[in-house]
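These notes open a run of structures that come right after.
What follows is a pair of complexes built around chain A, which joins chain B in one and chain C in the other.
This part shows the complex of A and B:
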């Protein structure tokens, strides 16, 4: 690795294009070589994040008022976090891709393919490790195809990942032949049971937390993260600064594929099965959560904290609706309205805050 | 670049190894295939009949079982040739497939349309060309588009589930029931729920307290059931419309450590019947929506092609409609139905 050289090269060209593309509040604009003014704990609570927390708090109030007994309950917290964990891991990967100015429409299909590949009778013979390994390798392999098509094949991310979405779903269907593949391995199933909670925290939530922390560190505290932001801000300037933009893109889609592989394994643990219909519309949920969180769809700015808050908001809404026995028609209408409201509130507070 | 190439070799080897492993892992072949379900074929071989079969893409267990049953039934008759098309959910593609079967001049057509209303014209065209059509499960908009309709009874499925639960709970004061339905966007879900509600009306002591819609997938079954369990700390019975999503629902029940209620499933998957037979979970029964209807369709198609009636019925002609009864399978009769269970 030629760490010092690229580090020094990066500061200048990166800061310039990104800064005039987007008014940055997030940690992209570093002074070359020097340590930038990092907020305490490394967490800057900007207005966007605050407004997201406000929306989440408002939802918790609504849930607490309408269904106090069921909503404000440890088991409900475990439930909401567990249900957020799988899409949450996918969203972390998606946040990186969107930050770099790309998009990954194939995440749901990759989760489906990885989950069925890892639960065939043949794979199950290799036990816990076989399932975990297969899920991750299939995720990485799909990410690799995406990355090569986009970075070296010059295809638009939208088109390339759309194509992989179709093919991966088709392959998943071919493997399962439409059947549900039930997992019979006790070691895998046990990971999702109440007995394996660690201090009351489900293992799936721990995986989610670990992926979030690692994702946050990588995006905000590493060269890789700064290059990701730079590619999204101005790819040409980044290339001229001597950074291998194509390789960076390849790595980003690999990362998204890896997250899908992890999510597929988590889904196998949670549902005890693999099915070709798994991961339905994950791409939309992950993109929506990232955008609500404050990641720019055009690239150049990304926030893992925001994405995770976006996921939590969605999951909490679903939870409150289900606890109140509202039907899916009302749920969908209200969900759309809340997305619009959340984004409007966020914009307003952000504008006031910056102005 | 020696560094890169060494790394390349390492990665290459790892990739080939992983690839070989993964290729070996696509297999879903069972080590010992269970014997095909034996049914007495009472008719002697007659006139040779070519049956064309057009169905949607088998993207879930029930449709996969439809195709498998049609194939298996056709195989039993030495005088039947089955011309089966690649499944498609695209209306235009399915119309094209039916056209090609008409052009091949098959003797009888069995059509399970992806969308019954949208494929009415294709059915009419075949009938006008003199090819009798057997319309399977999703009914055409115009009765002239089929010679015979064979299908399940979604309303009756709900009624039978409600009756079964009602009989089990009729002596319990203030009994509560919850429902995990299929996707609300499907008409069949509305029919099933309507039947369920209507049957429960006969039992004034039973009240349905909650209903959530999953979408026939294991994943959604797990998610929605987990929410229902959180919302209802106590209830006496649960009807789940579909055994595929029931795999997820049972996972959620298991994960929440809940029991003390009666669960009834729907459709009749093998995994559900195995659980009913084992009798070690809350799942005690399932209401059939039997994919065996595809076998009946092949039987009727063969009879039509050979201009025969149905043995056991007094009428000389094949009936215009056959609606299958949604039987309730529980521990007492599970052995009888187990061979029909689909995976």
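This part shows the complex of A and C:
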């Protein structure tokens, strides 16, 4: 390791040493030297997070005004959170993939395949653990195929995951033959019942919360997360910095597959069955939630908190619309409008900072 | 200060200023071009030439300054606006659509149509063939996809595209860089025909002898400012032009070399044996000892960067091997190279080295993350502290580990890249055009940083297209021409002239 060896010969007119006095822990937001550095990153992210929270709060107000009795009812809030949990877990995985500059279109199909594979009569014989294990293994296996095709086969993520989306969905249909596979295991069904709520919180919501916290920690506090961001920010620079970009990409699709497996298990618990139509359009919901949350579709920046808020916003809208008897066509239109608005805001932010 | 001709200028740009976040790319540039002349624009890399021609092409909007076109003040709000006035630009990186045919490329955006939208393919092909013939290349098939053509032919297509408009001014950005000598002759013939028709040409090139051959007047820019307007291209002595371009007195202050005598530097840390990449460079044998700076001199395209990247494992050699401390490196593996103690500061800093929207700390620590982590968990306090120590050692400004790297000047960005490898504990630094995009004042400091690192025991392999930089900084110099090492000697035994002779032998002379 090189150590100072400060031969003072580079001196220059701008007597440097003074700056050494700046404490290391405080970055000193406004550098006295009039540096061109913009306000620390945190502020900008906070602004975005705050605006998402504002939107969510506004929605809650709207729900509270239009259907005061039903919307704010505990069981309705539990329902909203439970619905958000399943797509939320998928979105956490998706956020990692998008942050790395990739995309995973196969998540919905993986959820379907994992949910039917885990609910076949044969699997159910192995009980609770068999179902959980199968769902996760199927998710990981699909993620592995995605990852190998993309990282080592050099396929574009869009194409590879599109192919897996089609195949996994087809395989799910083949397994079920179009039938709903009812789960008869009491231990699994109990997890979704009101009796197992912990202090009023459904276990599925707790799983979602745990996945969110772990996802946040991994993205923000680990080398894995840092590499994910670096690959998305500039894959070539990351490779030339000595990081194994391909392996990182493989891991990311595995992670997304894992999240799909967990979500499939949650869906089995919630619906008490496995169906080949499960997870329909999850890919779109997850991508949309991540994007409105502030994760850049081009990669290099991702936010778990934003993604989760995006999921909550979407789920809340759906709920309010349903309570007000508005049809799903109107919901879809509203969702589309929100995506457009969020991306326009994001583009403005991006352009302001462009070099 | 050429006296303005009575009929006035075709184009006058005055006080053009363009700001990018953290950088003043243009700081009051003046340019005057007359009809029918070849006006050469000279300046070092990063002087602002590219930005200036993008302003002229309508691709960038200036923050200040006035553009006068045929006596009238104009605003070039978009590339289309510039094209409509008759300004065509041929960029250095050709901007052709590879999947479209030659004719489709030439008429992209103004296809001959019937009923306003049905493209008359036959007419377009005929017109394209005529244009290509006028450019001396009737053999280029108008129906071929552009991606199938050689670089030289693509350039001709680019030029045909420019001529397919009603042009009065053509900007050519280093048109000869990708051309063989014969093709350069053809290019000059085309330029002559154009100017005879009254079209003005703005010609950008690093090859001074070309400028002497076809140039009429020269404008020199440096650090975003015009330092000389309208010098006669044929009579101005080279030394004057070079002095204007470089401001040599400021730019090339090199640190002292250690005396040759006290250089028992021990075993070579890096060795290549017959390292080859077919089509890029022929077998290279070189040795690098701790404390030594070895320079590779040569023109763009002589294989310099390719050699560096192959040593670093970013390209896979077709022959030969790389040894660090006598151990052979796994070919084509960057990770193996980094683990063995190599570090690369690549030529395209933004594309190949930087995470632009990340902080200085994260850019510096990216290669050493495992040092600050346990079981994958990052200790970001230790990371920041270590990254900061490394950047302070190189006097990186601003001294703010959270500054976003994109907002830093080129010189400080380069220091961040160097700090990355210092932090990693690297022993061999591969520097590819280390001062590209670094302003003149900051270069001297970067030079002294590099020398100090070498004095501390690093081995440095330096590539630069600026000969004085190689001569001033390196202890030993390898001269490359067309992928072959044509000369090796201590830097003191060479001068700029000798190197340029070696480098350019075989390049076109009148």
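The rule we apply is simple: the second predicted complex is superposed on the first by the 292 of 355 C-alpha atoms of A that agree within 3 Å, B and C clash if a C-alpha of one lies under 4 Å from a C-alpha of the other, contacts with A are read in each partner's own complex, and residues count from 1 in each chain.
Quick note on the criterion: a residue touches a chain if its C-beta (ideal position, glycine included) is under 8 Å from a C-beta of that chain, and two chains touch if they have at least 3 such contacts.
Only a predicted model underlies this, so the values are computations on that prediction, with no experimental measurement involved.
In the superposed model, A:243 lies in contact with chain C only, and not with chain B.
By the touch criterion defined above, A:337 reaches neither chain B nor chain C.
Once the two complexes are overlaid on the shared chain, A:297 sits clear of chain B and of chain C alike. Of the two partner chains placed around the shared chain by superposition, neither chain B nor chain C is touched by A:72. In the superposition on chain A, A:156 makes contact with neither chain B nor chain C.
Using the contact criterion defined above for the overlaid structures, shared-chain residue A:50 touches neither chain B nor chain C, since it reaches no partner. Those residues of chain C that touch chain A in the complex are listed here as 20-22, 255, 312, 314, 334-335, 337-339, 344, 346, 351-359, 362, 366-367, 369-370, 373, 376-378, 380-381, 384-385, 388, 392-393, 395, 397-404, 406-408, 420, 422, 424-425, 445, 448-449, 452-453, 455-456, 458. Taken together, the chain B residues at the contact with chain A in this complex read 18, 21-22, 24-30, 57-61, 63-64, 183-184, 209-213, 215-224, 226-228, 230-231, 233, 244, 247-248, 251, 254-257, 269, 271, 342-343.
Within the complex, the chain A residues that touch chain B are 67, 69-70, 73, 75-76, 79, 82-83, 117-118, 120-123, 126, 130, 133-134, 137-138, 141, 173, 175-182, 192-194, 267, 270-273, 275-280, 318-319, 322-325, 327-329. The part of chain A that touches chain C in the complex is made up of residues 1-2, 4-7, 9-10, 12, 14, 16, 19-20, 22, 24-25, 27-28, 31, 33, 35-38, 40-41, 221-224, 226-227, 229-230, 233-234, 236-244, 300-301, 353-355.
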